[in-house]
Amino acid sequence: MSDNRIRVTVWNEYGDGQKKPPVSDVYPEGLHETIAGFLNKDKGITAKTAVLSDPEQGLSEDALNNTDVLVWWGHMNHHLVEDQNVARVVEHVLRGMGVVFLHSAHISKPFKALLGTSGHLSWREADERTRLWAVNPAHPIAEGVPVNFVIDHEEMYSEPFGIPEPQTTVFISWFQGGNVFRSGVTFQRENGRIFYFQPGHETNPTYHNEVVQRVITNAVKWARPCIRSSGPVSVCPNDQEPLEKL
Amino acid sequence: MSDNRIRVTVWNEYGDGQKKPPVSDVYPEGLHETIAGFLNKDKGITAKTAVLSDPEQGLSEDALNNTDVLVWWGHMNHHLVEDQNVARVVEHVLRGMGVVFLHSAHISKPFKALLGTSGHLSWREADERTRLWAVNPAHPIAEGVPVNFVIDHEEMYSEPFGIPEPQTTVFISWFQGGNVFRSGVTFQRENGRIFYFQPGHETNPTYHNEVVQRVITNAVKWARPCIRSSGPVSVCPNDQEPLEKL
Amino acid sequence: MSDNRIRVTVWNEYGDGQKKPPVSDVYPEGLHETIAGFLNKDKGITAKTAVLSDPEQGLSEDALNNTDVLVWWGHMNHHLVEDQNVARVVEHVLRGMGVVFLHSAHISKPFKALLGTSGHLSWREADERTRLWAVNPAHPIAEGVPVNFVIDHEEMYSEPFGIPEPQTTVFISWFQGGNVFRSGVTFQRENGRIFYFQPGHETNPTYHNEVVQRVITNAVKWARPCIRSSGPVSVCPNDQEPLEKL
Amino acid sequence: MSDNRIRVTVWNEYGDGQKKPPVSDVYPEGLHETIAGFLNKDKGITAKTAVLSDPEQGLSEDALNNTDVLVWWGHMNHHLVEDQNVARVVEHVLRGMGVVFLHSAHISKPFKALLGTSGHLSWREADERTRLWAVNPAHPIAEGVPVNFVIDHEEMYSEPFGIPEPQTTVFISWFQGGNVFRSGVTFQRENGRIFYFQPGHETNPTYHNEVVQRVITNAVKWARPCIRSSGPVSVCPNDQEPLEKL
C-alpha cells in the first residue's frame, strides 16, 4: 500500500481535571481528540491519539517508530512522564521525527530536554484577548493565515520566554493586559524539526478556532521528516581510514 | 594621546520641519544634539553630530574614517541622501564601522542596502502608549534595562516588518492599539554590527527618556568594531599558490 | 489547465567566452541549457532559459512574473546587468520569487543587493579536488545527497566569505589546497528564499554531475514561493485606525 | 576590594590516563593547569582549576557561584560526572555563567543537556594536520587570530556534527584527510553564553599553541555574564495583575 500520508500522534496527558467541567464542556472527548479530529480532515494526514495512561505512557518504541510528527499537549502532569519515555521521544526527534509543542508544553520534559533551556515565562489566567501577528508571513506554517488574528479569550504567556534564539520567529502575540510573547517559533535539533505554538488553554475553545487549526495543520506538514535515522544518533564512528592521503 | 573612547557620529537629516514647533519644542537644537548629548555623558564615548546640509552631507570619507559607530536618524528626507554617500556608509560598515539605526531609519537608504530588504511596516500616529519587552535580557544592549518599560506616547510601528530574520531579537514592543513590533534587533554585515531601535518619533520626548538613553548607549558600545579593514571589502584576491600540496 | 509545476528561469550571462572552447567543449549550448535540461527531467519542474543578450536582458517584468524560482549564473559580465533589471529581480525576490545563485554569482549585483554584503572571497584556478560535506543532512536541499561527495576538478573558493551569517549552512566544502568554504547556504529576504551553491566553474563538467544536479533540483523545490505579493513591497501603509481601543 | 577580573574555573576530568605518558609528557600537571596557566597571564582573568576527584566533583554550588566562566575538558570519563552536578552546571549557565567546552566535551553531559543534541561526529586519531579558518573574523573570539592557522598534529573531528545551527560559526577546520568541521561555534542558553572549540587532543601540544591560547582567552572574555540571576530560572511567576486595563 502506498500511503504517503503524514502519520501524526497527538499526545495529551489527559489528567482527571480534563475529564470534567469546565474542560469537558469545551473538549468532551479530550483536547487530543479535537486536535486529531481537525488534523484528520486534511487528506495528507492520518492522526492517532495517545494519553499518559496508555501502556508505556503512549510513547513506546513502536508508537514513535510509526509517528512522523508528534503533537504534545501537557500542563499539570509533566512530572509524571517517565524519564525513559522522555529520552525515547528526544532520541526519535534527533533521528528525524517532527514535534509540535502546544501551550503549556513549554515546560514539558521533552521540550526542555530538546531546547536546553527552562522554558520559563510569566502567565495570567484572565481570559483576556490576544492577537497573533504573523511576523514571517512567507513561512510555510503561516500559509493561509491572516497577518493578524484574534483569539477572544486565552491564558496570557509573557516574555521573557526561556528559549534559545529561535531559528525562525513565525508569530508574536499581543495580549490585552500589556504583554507580548513569541508564540510561534521553530527550532531544529539534528534531523528533527520543532515548532512551539502558544495558544490552547484547556478551558478556552482555542482548538475549535479554524485559524488555529490551520496553523497546527501547517506545522505538522512543515515538521515532517526529510530523513530519519534508523539507529541511535549518539554513536561517534571512528573513521580511521582517511579519505585523502595523509 | 591614548584616547580609547568610542568615536560616535550622530547623523540627522535635520530638515526644516525639525527646526520649528512641535519638533523644536521637544528638541530645540535638533534630535542629533540631544542624542549626542546623552552619549557624551558616558566617559567611554565621544560623540559628534552631522547633518544632511553639511558638506558631503556629513558623510565624507574623512568623517567616516573617524567614526567607530554611526547613529542614524532620518524620516522625511531619505531620498535626498546621495547614492555615493550611501555607498560610502555601506562600505564603512562592511569594513567594521558599527551603525545604530533609529526609528524611521527603517526605510533609510543605508538600512535597506545593508539588510537587503525594504524595511516596510505599517504605522499610526496616535501618540499611543507602548511597552518594550526585553526578550533577551542577557544581551549587552539590554544591560541595566528593565524587563519591560513604558513610553507613554509614541508612533506605532507594526509587524510584519520587512527585515531578514534578526541575528538576535533584543526587544519586542507592545502597542496600545493592538500591534506588536520587533523594536530592537541586531544584524552583522561582514565586519560591521548593526542595531535597529524603533522608538523616537520627533514630536515625542523619547530621547529624553533615561531608559531609551541607556539602550542607545549600550548599543553604541556593542556596535564598536572588533576589527576594521583599511581597504575596500569587495576585492576577491587570487590565492593561486595552494596552502597545501595538490 | 492545472499545471502545478514550478516555473524556473535559468539565467546565464552567456558571454562570448562561453561560446568557444574550452567552455563550449563542456557546455556546447551554454551552462543554462545544461541546467535547464536536468531540471526539466523532474516532473514537478518546468524550466526555461534566459540570457543577457535577450530583450530587457531576459529580466522583464513579464518574465519575472512568470518565474517561481530564478537560477542565476554569471561570472565575467556582472557589470553589464543594468541596475533597473537588478532592482526588478530584487523586488520580485522580496515579493516571494525564489532564487538560486550559482558559483560566481557571489558577486553578481542581485546577490550583493539582497544580502547587503560584498560577497568577497579568495579563489584559485587549479582544477583541484573538492569534497562537499552536508553539515545539515536533514535539510530539504540535502535530501538524497551523500553526506560527503567529491568533485574531482573545481575552482577553489575560500573563506572568509563576505556574507551574513546564513539562516542555515547546508554544505561546507573541503579543498585539496587547504581551504574551506561554506558552499551551500540559505537566506530569506522578506517573502523570498535564497540559496547559494558554490560549485560550477565553466570549464569543469560540474553541472553534469548527478549529485550536483540533485542539489540544484532540491534547491529549486525548497525555494518555491509560499506566498507572493502582487504589488510593491516597499509601501508602508498608514493604519490610522487602531485595532484596539486607545 | 574592587577586583573586576573574570573568575574562571578550568575543569578537567583528569583521569589516570592523563597522569602518565604520553599525556603527562605534554601536560605534566594536567591539561587544566596548562589552560589555567595561560589564562592567568591575562590581567583581566583569574583562573582556578577543578577536577573530577575533587569534593562534589569540583562542581559544588559554592564553586559555581564563584565562577563567571567555566572551561570544560573531558574525554573518557563523561559517564562518571554525576547527574546532580550536571544539573547544577546547566542551572548556572541558564542563570548567566559562561561556559567554554573544549575538544571531547562535545559529548559531555552538560554540553548535550544545554544544546539538546547528541554532539555526534566522526573522528580519526592520525595526528594529521588541521587548518582553522576564521569565517567570522570580526567576532570578538577571533580578535587577533590569523584568518587561517595551522595545527600540525591533531585528532580529526568530522561533520556532520550533531549540534543545533550555531548562533555564530566563528571557525571551520580543514583536515588533511579530507574532512571539515565547524570547530568554533557559539550558542546562548537563556542568560548564559556557550562556546565550543574543537582542538585539544590530550597527546598533542595544542594548548601550548599561542593562537589556540588566544582563542580560548578571547572566548572567556566573550562568555563573561552580562547578567546573572540569583535564583532558579525555571520558576514561572503568575502575573495575575495585568499591566494594562482589561
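Labels A, B, C and D are assigned to the chains in the order they are written; within every chain, residues are numbered from 1.
The definition used in the following text is that a contact is a pair of C-beta atoms (placed from the backbone, for glycine too) under 8 Å apart; a residue touches a chain by one contact, two chains touch by 3 or more.
All values derive from a computational prediction rather than experimental measurement.
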item	value
Pair exhibiting more inter-chain C-beta contacts, A-B or A-C	A-B
Greatest separation from subunit D - chain, by CA centre	C
Rotation angle superposing subunit A onto its copy subunit D by C-alpha atoms, nearest 5 degrees	180
Centre-of-Cα separation between subunit C and subunit A, whole angstrom	33
Cα-centroid distance, subunit A relative to subunit B, in whole angstrom	37
For subunit C, residues contacting two or more additional chains	131, 136-137, 148, 158, 165, 167-168, 176, 178-179, 188, 190, 243-244
Chain contact graph, described as a line, ring, star, complete graph or other shape	complete
Complex interface listing, subunit B residues touching subunit D	96, 129, 131, 136-140, 142-143, 148, 167-168, 176, 188, 190-193, 225-227, 243-244
Contact footprint of subunit D on subunit A as seen in their complex	90, 94, 107, 113-126, 128, 156, 158, 162, 164-165, 167, 176-179, 187-190, 233-244, 246
List of subunit B residues in touch with subunit A within their complex	131, 133-137, 147-148, 158-161, 165, 168-169, 172-175, 178-180, 182
